[in-house]
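You will see two complexes here that share chain A, one where it goes with chain B and one where it goes with chain C.
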Partner chain A sequence: MTEMLDYIQFVLAPQVVTGLVLGVAVILVALGLTIIFGLLDVINMSHGEFYALGAFASVALGAIGVPFWLLLILVPLLMLPVGYIVERGLIQRVFHSGDRHVTTLLLTFGLGLVLEDVFRLVFGPNPHKPETPMPGAIELIGIFLPIYRLFLIAIGVAIIIAVALVVYRTRLGAMVRAAAFDRNMAASLGVPVSWVYAGAFAFGVALAALAGVLLAPIYSVFPTMGRDFILIAFTVVIVGGMGSIAGAVVAGLFLTQVQAIASLYISPVWTDPIVFGIMVLMLIVRPQGLFGRLGHA
Partner chain B sequence: MKTKTTVLTTLLCATALSSAFAADPIKIGVVTPLTGTYAGIGQQVRWGLELATKEVNAAGGIMGRTVDLTFEDEEANPSVAVQKAEKLFQVGKVDFLTGTVNSGSTLAVGQLAERAGKLISTTVSFADSITGDRCSPNVFRVNARAGQQSSALAAWLAKEKPKAKVFYLGPDYEMGRSTVAAFKSDVQRVGGASLGEVFAPLDSKDYTQYFGQIRATRPEVLYTSVAGNDTVRLFTQLQEFGLLGNLTVLGASGTVTSQNVAAIGKAAEGFVTGVGYSAEIATPENKKFVEAFRAAYKADPDLYGADSYGLVYAYKAAVEKAKSTETDKVRDALRGLKWQTPQGEKTLRAGDHQAVQTMYVVRVTGGQFKIVSQVTGEEAIGADACTRF
Partner chain C sequence: MPDALTLAARASHVLVAILVASALIFAIVGAVMNDTFYLRLATEALIFAGLALSVDILLGYTGLLSLGQALYFGLGAYLSAVVLIAVPSFWAALGAALAAGIIVGFLGGVIADRVRGVYFALITFGMAQVAAKVVYNTRSLGASDGLLGVPIVDINLGLFSISSASPAGFFLFVLAFVVLLYCLAAYALDTPVGRLLIALRANERRVPFLGFPTRSLRLTSYVFAAVIATVSGALYPMLRGFVSPELLFFSTSGNAVITVVLGGVGTLAGALYGSVLLIGLKSIIGSWTEHHLIVIGLLFMGAVIFLPRGLMGLVHPYVMRGLQRWGGP
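This part shows the complex of A and B:
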């Protein structure tokens, strides 16, 4: 019995917490991705790079002395105009062609490559690591929990709830869902669709950047970090349903927990194939994902 | 149309004439990670090679010919390294190739070099097998291998913490497994106890999943051979979880270097490793080298920069001894070659093409790598395990 308690205390519980930390961050990134897909029908291959951009911004601003709590507010705000410019300046140029899916995919993929090289040119290939904002840990029923990770989970959950409230309980959210459901009808009813599109893209980018700021002290910052994240973010979006917020949350939690707990029993290298295996299975059995698309029933 | 042809023909003749007068340069191909996890290492390799090449060319080149470096990105991936090496051999027609970092890349490119009839040398790869059971007549190594590093470190451990209880954590590929195996056998030899080992995939984001195991065995010493970004994450996560308190961390020489020590910060304090180079070595040659390096690149050289710098001089000495760049003649000249490097005199052992050199034990103190002891080349080198030639 004590052996099992020891196991839960030292191995299983910390692993679940680690999975939650990653899960919350993945959900933030996947939320942006799924909103952009649900609303604009654009597969944003550069989304990982915006996550990295947020992290690099926190490193750069932190180096000139901006305190962490201010970074949490400032960096996403700074990303909003960046997202707006990308949407209006780049995506809208290829949005109205017939093969929009292909062109936007290629466009965002290229943008991702360019951004990654820009990071390497500006910041160098070596890793950077901002100071952990809340060092120290607490012992909760014998489980060792770093304070910063708990903070991360708390703030991530708060933001996710806020996003869900905005999308489902406010007029702004209703406009977004209407535009996702039927763009032309919404436009004729007075919804400023092009603003909604640009705004949603900017918002998705800001969420990814916020995830970058939050994770930077734990996972360190380096030019290829976007690549680490984009695969699991896409898997979450596909499994949860492309364009579904509830789906992103559920799939995000589920997949990261699967990854965290599986790595206790099998070689960690196999956790990635398992997660992708679930994605493939979902595509075969239920291609629309767990939940429906944004705005649709 | 006719004027265009005339102009083109004149240009062609002009280039033919001009190349007849210039002595053709010696081409050294460099396949090194310029992007990806080990990009920081590739940057030091590049800096070391470029500094040495500039100095050699300024002093008249090798046998009057300038040295040309051509860089290709290996992305720390053996299959990419092989493609790029093939390109350099067949299209670039390089005389010599170097720069591979990933031990798997060195082994793969070595096989390619045998087929292409050219020589390569690594200045970074640690895996013992490269000059051990998988040695090749076309592969040389001017840097210290895992066995030499762990001999130095084990000697230090025997003096400082005899009978220590050690846990091992390495990256799950050739280098990780061979460094852990080498140090484990050295630990058994000096009377320590091995508590357990775990191998994490390269580029692991979160090492916390192994902390449960580590805590359960209660080690005094942790040996790790992760590198680059992985070290930053492992050390800061160890600190975050309060594991660094009564743990001495030892590691392979590539684990903490000048490229990642800044990012690791206070978590690197007290880290000890056996290494073939430190910027603190007090010889006049090294001081000159470090000053030149700092002036050119505004950063300290680490073992990769220093060993890559040393390679150019080794190649120069071999070509001058052989009076040719032909593969067989240079190979004979390199075997048994003794040459001066910033870290003293090195010898390339003829039996396995491995460099024999003094090894240093270095501790990170306040972000600097301070030398705490050293071991002679003969003590550290270990047996010649190469039976192919």
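This part shows the complex of A and C:
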């Protein structure tokens, strides 16, 4: 009996918490992806690089002495104009071409390549490791929990709730959902559709950057960090349903827990194939994902 | 009077013939000057042109964007390396790669063809990524180091044999091999089945009304593209003497897509020109700075925005017009 309690206390529980931390971060990245897809019908292949951009921005600004709590506000704010310009200057240029899915995917893929190499040029290929802003750990029913990880989970949950409230309970959110459902009808009712599009893209990108700021002290910051993250984020978006906010949350929590638990019992090498297998099964059984698309529910 | 598709195919043949003629001159100059570096680089460009061909069959003809074609290229490369280390026979390696390409291509196709559009792109991306992770962590396949020490092979062609160690000889062999793949693809895409693939790209909903099964057509094109990528990959360890997990990474798949878009989607010839262009650009920019991805990424974005038909979009119409004038009354 004590053996089993020990096992839960020292092995299983920390793994679940680690999975939860990753889950919250993945949800933030996936939320941006899914909003951009739900509204613009665009797969943003450079999303992982925007996540990395947020992490690098926090490293750079942290180095000149900007406190961590300010970074949490400043970096996403700085990303808004970046996202706005990318949507207006690049994506809109090919948005109306016949094969929108492919052209926008290719364009954002190219942007990701450029960004990744820019990181390498500016910050060098080696990983940076920012200091943990909140050192120390607390003990909760015998389980040691680093304070920063708890903080990350709390703030992540707060942001996810805030995003859901904005999308489903405000006038702005109603405009976004209307534009996602029927672009032309929304435009005739006076919704500034092109502004909503660019704004939503910028918002999604800012969420990814925020995830980058939050995760930088836990994982290290390196140029290809976005690439490793994007597969799981895409998997979450597909399993949850492209363009679904609730889906991203449920699938994000579920898949990261599967990853965390699977790496305990099976080798960590096999976590990706398992998660991917779930995605394939989902595509076979229910291709539209767990939940409906933004504006269509 | 040939129809538009035949005319476009002929224009591609002319452009490939020009490429082959320049490659032959290049090989002679290279052999005379006793060069190794550039001949090897050009051989590599041709091998990756095979991968690009397979991407173009899917993207340019069937209308499916695969972001994971490196899966098959890497499969061919690893399998060929394993076979060559056991038995140094070219035909055994090629045969193994061919068989594996058909089997794995079929399995992958059954999974990927369940979905279309962006889902197809993401599922192929995911499959390749998972395969790369597994190979990267498998000790018996050399893990992150890859497989080293692939022996030099003599390619027995009946009347004579070519050693993979001879720069000019192996270059000419790979040239012939890739041109053969090109001819095979061009021929297959001109058959009734191949033309149905083009119909799929143009209007997928209409094809079933004409009485054709879309699922098996898409699967056929997927397996065909997979086989082309696998046999191209099988040549890689013969050139370099090793394979590494990078061959399976997204950068390899992504490069193939860049190659096709830069060269020109849906022309086949564009895949060959694009590969030469890309490898050439990389080595030229690479001698200035190691950050060649910035330049190539910007070029690629520029091509997507301003030149959606790629390099071939600039040349192809002129060749077609010339052919029309020449063939007409």
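In this text, the second predicted complex is superposed on the first by the 297 of 297 C-alpha atoms of A that agree within 3 Å, B and C clash if a C-alpha of one lies under 4 Å from a C-alpha of the other, contacts with A are read in each partner's own complex, and residues count from 1 in each chain.
By definition in this document, a contact is a pair of C-beta atoms (placed from the backbone, for glycine too) under 8 Å apart; a residue touches a chain by one contact, two chains touch by 3 or more.
Being a predicted model, the structure only gives us computed values, none of them experimental.
Visitor: Are chain B and chain C a fit on chain A, or do they clash, once the structures share the same frame?
Guide: By the criteria stated at the top, chain C and chain B clash after superposition.
Visitor: Under the stated touch criterion, which partner chain does A:A137 make contact with: chain B (first), chain C (second), both, or neither?
Guide: Only chain B is touched by A:A137; chain C is not.
Visitor: Looking at the overlay, what does A:N184 touch: chain B (first), chain C (second), both, or neither?
Guide: After superposition on chain A, A:N184 lies in contact with neither partner.
Visitor: Of the two partner chains, chain B (first) and chain C (second), which one does A:F222 touch, if any: first, second, both, or neither?
Guide: In the superposed model, A:F222 contacts chain B only, not chain C.
Visitor: Counting only touches as set out at the top, which of chain B and chain C does A:R120 meet: first, second, both, neither?
Guide: both
Visitor: Please indicate which partner A:L90 is in contact with in the superposed arrangement: first for chain B, second for chain C, both, or neither.
Guide: second
Visitor: Kindly classify A:T2 by the partners it touches after superposition: chain B alone (first), chain C alone (second), both, or neither?
Guide: neither
Visitor: So, does A:L107 touch the first partner chain B, the second partner chain C, both, or neither?
Guide: A:L107 contacts chain C only, not chain B.
Visitor: Please indicate which partner A:L264 is in contact with in the superposed arrangement: first for chain B, second for chain C, both, or neither.
Guide: first
Visitor: For A:L283, is the partner it touches chain B (first), chain C (second), both, or none of the two (neither)?
Guide: A:L283: touches chain C, not chain B.
Visitor: Among 24-32, 240-248 or 276-284, which stretch of chain C shows C-alpha clashes with chain B in the combined arrangement?
Guide: The superposed arrangement places chain C into chain B at 240-248.
Visitor: Report, in rising order, the residues of chain A that make contact with chain B in one complex and with chain C in the other.
Guide: 120, 267, 269
Visitor: Using the touch definition up top, name the residues of chain C that touch chain A in the complex.
Guide: On the chain C side, the touching residues are 59, 63, 65, 111, 114-115, 117-119, 121-123, 125-127, 129-130, 133-134, 137, 250, 254, 257-258, 261, 291-294, 296-298, 300-301, 304-305, 308.
Visitor: Mind listing the chain B positions that touch chain A in their complex?
Guide: 34-37, 39-40, 42-43, 172, 200-201, 203-206, 208-209, 211-213, 215-216, 228-229, 232-233, 236-237, 240-242, 259-260, 262-265
Visitor: For chain A, which residues count as touching chain B in their complex?
Guide: It is residues 6, 10-11, 14-15, 18, 22, 120, 124-129, 131-132, 135, 137, 144, 146, 148-149, 217-220, 222-224, 228, 260, 263-264, 267-269 of chain A that touch chain B.
Visitor: Quick check on the complex: what are the chain A residues that touch chain C?
Guide: 37, 43, 90, 93-94, 97, 99, 101-103, 105-107, 109-114, 116-118, 120-121, 227, 231, 234-235, 238, 242, 267, 269, 272-273, 276, 279-280, 283-284, 287
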